[in-house]
Amino acid sequence: MPNNEAYLQMYRRMLAIRLFEERVNDLYTRALMPGLAHLYIGEEAVAVGVCEALRKDDYITSTHRGHGHCLAKGASPDLMFAELLGKKAGYCKGKGGSMHIADPETGNLGANAIVGGSAALATGAAYSSKYLNQGRVVVCFFGEGALGQGVLYESMNLAQLWKLPVVYVCENNLYNEYTHFTETTAGEIVARPAAFGIQSATVDGQNVRAVYDVGSKLVDRARKGEGPAFVLANTYRFRGHHVGDISRDYYRTKQEEQRWMEERDPIKILGAYLTGDHIVEQAELDRVQDGLAAEMDRAMQWAIDAPYPAVEEVGEDVYA
Amino acid sequence: MPNNEAYLQMYRRMLAIRLFEERVNDLYTRALMPGLAHLYIGEEAVAVGVCEALRKDDYITSTHRGHGHCLAKGASPDLMFAELLGKKAGYCKGKGGSMHIADPETGNLGANAIVGGSAALATGAAYSSKYLNQGRVVVCFFGEGALGQGVLYESMNLAQLWKLPVVYVCENNLYNEYTHFTETTAGEIVARPAAFGIQSATVDGQNVRAVYDVGSKLVDRARKGEGPAFVLANTYRFRGHHVGDISRDYYRTKQEEQRWMEERDPIKILGAYLTGDHIVEQAELDRVQDGLAAEMDRAMQWAIDAPYPAVEEVGEDVYA
Amino acid sequence: MHETTDTTDAPAVTVSRELTFGEAVKEAIAEEMRRDERVVLLGEDVAEAGTAFKVLTGLVQEFGPKRVVDTPISEAGFTGIGVGAAMTGMRPIVDIMFGDFLALVMDQLANQAAKIHYMSGGKWRVPLVVRATLGASRRSAAQHSQSLHAWPSHIPGLKVVVPSTPYDAKGLMKSAIRDDNPVVFFEDKMQYKVKGDVPSEEYTIPLGVAEVKREGRDITIVATSSMVQVAVGAARMLEAIGIDAEVVDPRTTWPLDEKTIVDSVKKTSRAIVVDEGYGRYGVASEIASVIAEGAFYNLDAPVTRVAAMHVPIPFSPPLEDATIPTEKAVFDTAKRLCGK
Amino acid sequence: MHETTDTTDAPAVTVSRELTFGEAVKEAIAEEMRRDERVVLLGEDVAEAGTAFKVLTGLVQEFGPKRVVDTPISEAGFTGIGVGAAMTGMRPIVDIMFGDFLALVMDQLANQAAKIHYMSGGKWRVPLVVRATLGASRRSAAQHSQSLHAWPSHIPGLKVVVPSTPYDAKGLMKSAIRDDNPVVFFEDKMQYKVKGDVPSEEYTIPLGVAEVKREGRDITIVATSSMVQVAVGAARMLEAIGIDAEVVDPRTTWPLDEKTIVDSVKKTSRAIVVDEGYGRYGVASEIASVIAEGAFYNLDAPVTRVAAMHVPIPFSPPLEDATIPTEKAVFDTAKRLCGK
């Protein structure tokens, strides 16, 4: 059971993601950001709940909607903003961008812009951990859309056969881009990992405490060598598929969005728990928010001011 | 319930496959056959039981171990032998060979040498049947090794979502080439289709009557528009992975082979049922055998004598 | 410049309109869907969303969800379904969104679709169209920016279309849909908003016929897809310094109209090949070697390739911009080859 | 003829033995596995069966099933596992049996392995070897006979090896395993039984260094993989009619040793490129255009490609035999180019 300080830490992490993402949207609206970005707003509890259960040297893989995973695993907002803006100081020297942030320091094997593209990679990292006796666990984050990719099943089969320490975390935010997941997903989601003998669990992805509980249990189990696991986290993205996805009426209603934002906001939910139980006062949460907002503003401005890589660098890093 | 004539027909079909395959092995031993061939001996009840449940205009897809499927769906042994020898008179003008026999006449969409390679194709044919209201059912035959291929899961998901008339028939002959399937297959096989909501059944693949029963039920169900199905047929290949796989001790014992051949031979099992219940006399079965053997010898000799395609034909049929 | 190889009877009066490249593609598909019930569209978000690039908006309204079908994110699966459906009476168009995802369907495309006709001795046919995109410079980074048309072009049994204008896109798409073979149709994502004349009367353009987009005497620039615009731009710049460039657009990389290309170079005696794929083992290499062999005795300078830089496409704008062929690069190369 | 670029200190006495191509590959892998614990082998039937081609027999006995691992038939899955393992401290060798199955792993190879180093700004590395085969004429038909080395050669971030002799196979395999990048290693299935000298002392051959397999003055034949033998055979036939052919083996298609190739052609002034892949948009096209550009002012005849016929590989023996480059075809081409 985590203590209150741990919950406060999760609150901070979730809020950091929220504030980071709001600024990403801002950068886009102000035409400062090259390309697009896929915001994690609304889904913060999944990344934070799971990553709090990890050691620093544990690995994660992430997706096109990856900023939350990065931050939850401990990445610095300034280097992330820089990467999103294509600046030299970014995590990947500007070469990766929003969809490819990677960071060995925090065990981030990288975001992947191929849906399902990291399933086998994560499984391979778990293979290393087991082979090298490192006791590391790997978490593979993906959206429910990745359930459409065959390589996920190939990977789960292998992970279970070889009892690899990998936890597959399926973030079901209800939509594959603009299509409801029920139109693309037959049967029961958790029956799929179960068919391979993989331990699986469903969790309310808006409740970080619940995610943390399930996450720690399955991460510990994997670390002990008891094999892979699968978590279905039910969640919702509050914003568009990407920052440019503004008119969404044709695939989901405003009411649906409104309902999730009002009733199922993971930050509000944890906030209410913390203040309701008088673990912290609202004023303290407000201070946290102010502090984080200032930090994010600084980080963003630093990134805006940072230089682009020199054109000559384009040819570097192709081969090791 | 099929009548006795139907069972006799199944007996004939199974025996035809057996006698065909023995001659294929012969051709190989006599160095008359180009390349290799994967014999279906021992597994005859699966193809025959399922195909007896099909209409002539229903489709099948097949595998590298495909001669049995072809014959069960009604192909002519002479044109098959010719194809196996690379002769112009063969089903594919000699261009396909053992692993690629295809025949629109009998609804054979083709054998596929990519393990799992026909899963999506079969599903696509079922899509046509439904779209064009043809009432055709498609049977996709594959070995349990194909459970390793992601595209099978992608296809099953789509088939179930769109309620397509396709029956996936998994022939579990215990081995992926030289590796026991338990080393490559986690969990329970039938849980995999079930995870997609697909109706599934397990059947003794050495008992053609049982296969036929399950097959007809699921084929009819598919034809009525009630969706795809999956049959796990437990079986065994009596011979090597291919005709050149002679020393098999390193992956399976002689005793295991012996046991299957003696106790679980599908032809003997049906023969015993037919004679045991006095539906036919052994003498009649012997006559059937002699007749088929003579037919197969003629077909084989015809193919041996048939000419190769002219070299100029190599450039034909690349584009329609 | 748009003297096209129209295979339909020419109408008395041709009313021309401006359409965007995207609209032209959509119109071709819509016309063929009206004409032939067996034409259906499968892909991720092709229905209500009208594709991620909003190119097919409206089709589901006209043809219904039975013919414009949203799929799961299963490129290999639904491409294979397209192959099987094509074999059995349909004429599916499969949409794989970003051309980078071709990597997920190469088995269905190269081992299945391309070979089924041949392996079956001509008995089965696969009248399938696979729509894919190419082209960088959208700040989409390495996994969403590649131009992989060289891969399918390498495989016998496939045809590959790389249209450069709305007019060509429409006429070639109609031919691709009517073709009895698997055709991979590459659309440059950056071209979707580009406008061009498209007659309202029906026409098709045969696969395998190049077009001279601009006539010239001094040097031939063979260019594909959006690189045709780059070549035409470079030709304009060259005009200013007295070099008269001919721009040849093969329009399909297979069948490849070698004759038109080689004849042009025989006339001009110099050649540049511009393609947005990687130069190494790429489309530019094939066309360059066809020219170097076919026009050998007429060449006054080495055939030179201008193609994507040999790096995964970087995200950072200044870096990405450095990786793709520009008018300036083509201009400089032409100038050098012409000894000016 | 075997003047190799040995990067290890030359031993005083070199004891040479005859090994088959297959044995040389196995010996390289075994030596590297002894040297480095992080080297593991993953693939279908690589353990007890020693691969479908029986090339790796014995390795599981020496290194155990923890390091020589049989996998399910999941090429994409276990290649991706290889990528992830390579990023995190291992040096896996992944075996995909028939090169045709590359079509199943192109996403893992081209979108993942090739790009991870670059996309991460150089932070992650992928020291992975993917073993694949190429080559027809085994009567295995269209889906088991292709030579698809052009595909990975097209992709920046990958290296591609196409060894032609047991000696080269061993030295190049050792370098591939030690390389910090993803390397695709193509073995010709028909070569496994071919014998050649292999010293018992350790040596490596750097990736990216071509070798002149036969010196000559009149024409350069650049050949890859088993086509080197075809080229050497043709060179012998040519000698009889007074044509002295030089045979150059690039050994790796990427990095490509353009200098050695071009220098040879500058000397001989004529060139043929022989490759068993499809000629169109293939390896031969790249090498031909490199020559046509680099040796332009020295060429006395067009660079000519001799490659696989543009058809899916047919099963029927007389048809299949017609599709692959032969000594006779190379001989005839050389004779024509030399004006004899």
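To keep things simple, chains are lettered A, B, C and D as they appear, and every chain counts its residues starting from 1.
Basically, contacts are C-beta pairs under 8 Å (C-beta built on N, C-alpha and C of every residue); 3 or more make two chains touch, one makes a residue touch a chain.
Values in this document were obtained by computation on a predicted structure and should not be read as measured data.
In summary, the chains found to touch both chain B and chain D are A, C. In terms of the distance between Cα centroids, chain A is separated most widely from B. Chain A and chain B have centres, each the mean of its CA atoms, that are 46 Å apart. Computed from the mean C-alpha positions, the centre of chain A lies at a distance of 37 Å from the centre of chain C. Annotation: 41 Å between the Cα-based centres of chain B and chain C.
Multi-chain contact residues of chain D (touching two or more other chains): 71-72, 74, 76-77, 100-101, 104, 107, 111, 118-119, 141-143, 156-157, 310-312, 314.
Multi-chain contact residues of chain B (touching two or more other chains) are listed as 92-96, 100, 112, 114, 117, 147-151, 154, 157, 161, 183-185, 318.
If the chains shown are joined wherever they touch, the resulting network links each chain directly to all the rest.
Chain contact summary for the complex, chain C toward chain D: residues 100-104, 106-107, 109-111, 114-115, 118-119, 141-143, 148, 150-151, 153-157, 253-254, 256, 277-278, 280-286, 288-289, 292-294, 296, 299, 301-305, 310-312, 314. Against chain A, the residues of chain C that register as touching in their complex are 44-45, 48-49, 52, 70-74, 76-77, 100-101, 104, 138-144, 309-312, 314-319, 322-323.
Considering their complex, residues 147-154, 156-157, 160-161, 183-188, 191-192, 194-198 of chain B touch chain A.
Within the complex formed with chain C, the chain B residues making contact are 59, 90-96, 100, 102-104, 109-110, 112, 114, 117, 119-129, 131-132, 150-151, 154-155, 157-158, 161, 316-320. Those residues of chain A that touch chain C in the complex are listed here as 34-36, 86-88, 92-100, 112-117, 145-150, 176-179, 183-185, 250-251, 308-309, 311, 313-315, 318.
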